[in-house]
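Two complexes, one shared chain (chain A), two partners (chain B, chain C).
Moving on to the complex of A and B:
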């Protein structure tokens, strides 16, 4: 039975990156929550703030340049932003872990994969005996579909898909409650992507985890997610359940644009319907609604005023047009 | 309309790795591309699709077989003839970040092939032509003096397209031209490719790993696996009626953004690409194929016609 209380709640998160001559507004008031054993899809294009959201949750924003300017992150009663470094270390990798996009660069090339999995375990369970550690490492390697006899091999001896399985094994070593997967299959071929996604889904069920699936691919969202948040220029422009996104037809104009941009293999139509223009410069975001320069349904008010998030049941949309839609307030 | 512009016959490209090891990157590939159409070449990394594109252009010397461009075998061309061929055949690369010289302005990048091939000698006319090219690919002429780092990936890819178009080629190899771009930008560029084809009657060889992209842009599709073309059919026919088990797996592995896709369980194939070094005889997909039988391991099957311009190399379809 799922608990009602969410596992993670992010509210009004504001993050900026500062450099000598510019301030990048990476996240501008991002709020969402994830229930236990739920998968949230965080969708957006390059620079929308997907990875920044993940790094903020884990307290991994680059020192000096990345700053949280406001907001709250609550994980199971713990306010993460108020924890000390030591307290955070006890959570990171144990209760919340992350899989990075590129399996080629997130493994240590001079350590065997067994050692790398062991390292994660050792850091959080220092009481384990050597035998128990070894047994647990073998168990985890088998869990992600690699023969445990390969534990003495180095990353370069594995293919891309296999490396990503190793990365997943490290992330799962301490049985986290929340797994953040940042574009976990973008670097993989489609047939391998299908294998890895399937495995992640199975493991999520078996280990009773919650998951944040960061992706730019709505197809992956449709396959894996229970709830979906669409990010644009550091704001969540639409939030809803699987049904709100894939059964109902009412969407934020940006979400509609994303759907129109994807080549549909079952459609007879030849031309795609892309979104005109490009993502705004995050050092110089437009006033009003951040999507207005590209929006096909832009109105006067969109240029002047940033819309509030309007809700109808589980569905929330940040768009002026929805003021006229029945049920949204 | 149905004039053949490019044909490969048993094209081979092997790389000698020393110690008797030979990598069969492209192995006995025969294709036909008709003028004004798009041949989509799909496959996963390591299947030889990029090597195929480069060999066709003569950027890599072939190991065997023929490449017929408008009836002439280009594998026998001299250096000078090869150079002249550049005006007819061009390439657009995957990565718009590394395929453009960062120290050249957009103007200079686009003008370079025109200078090298001595197409327009007059500087003023050349400038006009460059600006016109920029407009035709959707680049604002004011960007002419900009440098690559000042523009985004989508615009950079447009520069690559303008550069390829500058010599008015007949045939363009597009090697994963949209896979480095964001979805919304990807769609813009795909539409641009289609517009340019209509306006200029271009012929494309469109190389990609993304079946849904290729479905959109292609007239005909060739599916490659470990250096071999294992299935070839008109685009619609291939999606409606895929025959090779690998093609079926590829199509079912595409994550489709719809509610229906969730219920449908993908037919997932096990294992990974085996090595293209000194491959054993027999079907190269056999080790991953769910329908494998003894007959698969005996010999290499050539493509066989199934009617409707559909060709497949598989024991199941004999």
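Moving on to the complex of A and C:
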């Protein structure tokens, strides 16, 4: 919102995974954009395509199985899908960083955390002298709330929350413009989650980054995000600002289902209302609206025709029902 | 260039730490001491005993003597000093054991790592060849190579090295496969690390423990392979003192004069054991997770 031109624009992204006997349609025309210093929440169930979206942006889809079949990813005037491997290497870690889900496995067990942070710096700032590198490493470690004297310790000597701080430190080492956080707190317990999220929010402000927060936790979205995209079976079914999601009450039936699955302190419901059924098999997606087999408000047209995205201001919903809502077109 | 400049201070601290942990492991230190002794003896064998007069020249009057001050290991059926022969034999055995294993590991390792890292057609071709060669028994393979190349130390080493390549290709491929699928490798790539750097700085250091254990086990295996070839007359030719060849020459005296078998045999066992102990200790010392 602060600048007119978005930092990252993904348009009509189609990704498939091919194996010997099946084609998995992981992303089916995903489009969204992020402005500078904004946080986008990417919400969806396991298997909806959240991580695939992130890996596509970084060009890290599994080499022999993952294929981008169409679409564009434009990052600050660079068309990422057209860049060579070497050009992408220069962007990864420097301008776009990623935090992986599980801090237990995303650190190299035989390198000290200092060495790992130093490597991230060294890769993209080879001109720095050894002393300057060291000073910068200390600075970054302190930034994520770890004493710099612990830089000589190995990952196994840290607790889960501390490890995730290290992972964040590595991701932030080169002050990237865009940080992709793939469920950064899923592997942490709740008390630590809050600490890590607060820290990320603070660092995001301080380093003036944009962020894609991948999560299935709407609580985290409410806490951190400016805009939200809900992914279902490789499509964005609803996209909007914080207000569209958490103030307005009109949502895609799937989003309503997500909200229904969260306990609410103020209501006296005895049971939660989870969404019936499971995600459709991505090798055999249903015709029409992908959500229709699970939708409580399904109509005839939903079975026949995949809905267009209907917009009203900043809010976009991919659902036939919204044709009848005033203002959506 | 830059990579070397960068990793030098790192390597020193890693080395110092590894040494600190290794020195606490008594078995590994015993292995290390024996390996050093054997290596020194092999290097300075000419000072310990003259090759021409002590190792090769026969002394029929002194045949099959028991160990004494003059002949610490006794003498063999030609009256040659066994101690001198065992010391000179160390040269062959270490050459086969270490050099052939290193060569086999370098070639097999590069192939295996490439197969695991790149996958697809590269992997299919490499593994097809490795698996095909693995179907031929090692001794038979080395034997056929010797028949083609002709006898001689250099050809023997080529033959023995070749026998070890497919094994290392498979082992290192499976080690690397296990590591490449770890999230920290994906994380490294997400941080913009190049393929080569990923292999050498992230994959290999994590594999080093397993590689070292396999290396040390293979050293003993290569020594035995060389001995086996010598036994059937395709390896080291008499009168050169190779431990395996000495052992087979001496077998017929096992009942009457066991010392002629015991000393070369002990040399093989102790060398193999020392390498294994050292390898086990090193693999533990190199893994920071096993520290404390």
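What we mean here is this: the second predicted complex is superposed on the first by the 327 of 329 C-alpha atoms of A that agree within 3 Å, B and C clash if a C-alpha of one lies under 4 Å from a C-alpha of the other, contacts with A are read in each partner's own complex, and residues count from 1 in each chain.
Here is the rule we use: a contact is a pair of C-beta atoms (placed from the backbone, for glycine too) under 8 Å apart; a residue touches a chain by one contact, two chains touch by 3 or more.
On a predicted model such as this, the values are computed, not experimentally measured, just so you know.
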item: Partner chain in contact with A:130 - chain B first, chain C second, else both or neither; value: second
item: Partner chain(s) touched by A:262 [first = chain B, second = chain C, both, neither]; value: first
item: Partner chain in contact with A:279 - chain B first, chain C second, else both or neither; value: first
item: Touching partner for A:221 - first (chain B), second (chain C), both, neither; value: first
item: Contacts of A:190 with chain B and chain C, given as first, second, both or neither; value: first
item: First, second, both or neither for A:159, with chain B first and chain C second; value: first
item: Winner by number of chain A residues touched, once chain B and chain C are compared; value: B
item: Touching residues on chain B, where the partner in the complex is chain A; value: 44-45, 152, 154-155, 182-188, 190-191, 194, 209-213, 215-216, 239, 249-259, 261-262, 266, 268-270, 272-273
item: Touch list for chain C against partner chain A, complex; value: 2, 6, 9-10, 119-120, 182-184, 186-194, 201-202, 205-206, 208, 286-289
item: Footprint of chain B on chain A - complex, ascending; value: 45-46, 159-162, 189-195, 197-198, 216-223, 242-243, 246-247, 257-266, 270-276, 278-279
item: Contacting residues of chain A [partner chain C, same complex]; value: 58, 60, 63-64, 86, 89-94, 97-98, 100-102, 105-111, 115, 119-120, 122-124, 126, 130, 154, 156, 167, 170-171
